[in-house]
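Naming follows writing order (A, B, C and D), and every chain is counted from residue 1.
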Amino acid sequence: MDQGIVNAELQALQDALRAFAREREWEQFHSPKNLASALSVEAAELLEHFQWMTEEQSHTLGEDKKNEIAEEVADVFLYLLQLSDKLGIDPLEAARRKLEINAAKYPVDLAKGSSKKYSDF
Amino acid sequence: MDQGIVNAELQALQDALRAFAREREWEQFHSPKNLASALSVEAAELLEHFQWMTEEQSHTLGEDKKNEIAEEVADVFLYLLQLSDKLGIDPLEAARRKLEINAAKYPVDLAKGSSKKYSDF
Amino acid sequence: MDQGIVNAELQALQDALRAFAREREWEQFHSPKNLASALSVEAAELLEHFQWMTEEQSHTLGEDKKNEIAEEVADVFLYLLQLSDKLGIDPLEAARRKLEINAAKYPVDLAKGSSKKYSDF
Amino acid sequence: MDQGIVNAELQALQDALRAFAREREWEQFHSPKNLASALSVEAAELLEHFQWMTEEQSHTLGEDKKNEIAEEVADVFLYLLQLSDKLGIDPLEAARRKLEINAAKYPVDLAKGSSKKYSDF
């Protein structure tokens, strides 16, 4: 899973986001600190859609609700790409590496059927 | 920018995440509602790294701090992929579409140099 | 419900928090912007305790879990008091006023048994 | 600082919130899990006001902005009171206790002028 190449589609999005911010002279607002805030705010807007639903209901969303949620997913993703771009982090490589770390932290025999945090094993 | 094909690397990550959860019998915890909570919690852990920094400092992180932040970026990304997978949302397509929506909401002449929300133009 | 007097116990906490920050020379970090970030991070730490629970389980917490959660409730409260203090906002007065606004936004006959946002009535 | 009495004004707000929810048949939505989500979403709405400001700007808010922020402070406070009420937590007592814990975690000589987390001392 370790291709080491940058993903062309993510790269294209990051390029588009850079141009978008440059044209609007928004780079002045886009410090990593501020982008991390914005990302967190968007993640909460995504969560807001689910806050009064039962878990059951969250499995069977209507088409309109799903489209609204897809927009929030996109907002989170776009800020994640911008932040990664600013910091020189490859989000795909970081994700692959984290999956390996998680596999070590949560061995199948200890983690099976449990929602405990690894530090509580 | 509208390739319409699913991104192979994102797909590979989603497959790996599915296997990871299945092996640990974690699907019972992974309702969309709960994944949206977890994503939001990880976004806050990412933000925590920046909360007492100045914007200036957030531009010039040391290597150790950058690695810690890359792990949080990864956590956010992994939950975003799991949630998207559960809901049948293609995050790349959603991101591309949202960029177009944003371009319409924030025309260059109105948005230039301004951090106002589109609804306040 | 509109006493117009400052609550002595909240005032005592705000005074203690000011002294705490002053002694540690933390005022330099405590801009309203940063305090709002910290508050949001603590709210997510509170949420983390609940993220994999069912709603049912969240009603019947064990004593240890409840104590951990009380600490997170405290963290949120302490940052809310610090932020309010910095901005000259009386949180009790603001809360009373907001309850009245909510009563107008969510009239009983429209809101009964519904989790809709007022803007969707 | 350990009065051991319940604060009358907080109690009055909690009573009002209970009546508010009962009249609207909202208790069904108000599991501790859901209230913790809602609190976190409101904390993010509070943060949203600050996300593109400089720290400097956050110290000198205009009257309109301050009023908007006071409403978000109120929303966070109201959910904090509702969650505390559901869980039988006294937020004032929890806050006083946490201040003592923090004083032990962050001794003046170690913490002075530093934004490090206690676990990094």
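Basically, a contact is a pair of C-beta atoms (placed from the backbone, for glycine too) under 8 Å apart; a residue touches a chain by one contact, two chains touch by 3 or more.
Remember, it's a predicted structure, so these values are computed and weren't measured experimentally.
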Legend entry - Shared interface numbering between subunit B and subunit A [over half = same, under half = different]: same
Legend entry - Repeat of interface B-C, chosen from A-D, B-D or A-C - more than half of residue-number contact pairs shared: A-D
Legend entry - subunit A and subunit D, separation of their C-alpha mean positions in angstrom: 26
Legend entry - Whole-Å gap separating subunit C and subunit D, where each centre is the average of the chain's CA atoms: 2
Legend entry - Sites on subunit A at which at least two other chains make contact: 29, 34, 37, 40, 43-44, 47, 50, 52-55, 115
Legend entry - In the complex with subunit D, residue positions of subunit B that touch it: 37, 40, 44, 52-55, 115
Legend entry - Sites on subunit B touched by subunit A in the complex: 1, 3, 7, 9-10, 12-13, 16-17, 20, 23-26, 28-29, 31-34, 36-37, 39-40, 42-44, 46-47, 49-50, 53-59, 61, 66, 69-71, 73-78, 80-81, 83-84, 86-89, 91-92, 94-99, 101-103, 106, 108, 111-113, 115
Legend entry - Sites on subunit B touched by subunit C in the complex: 29, 34, 37-38, 40-41, 43-45, 47-48, 50-52
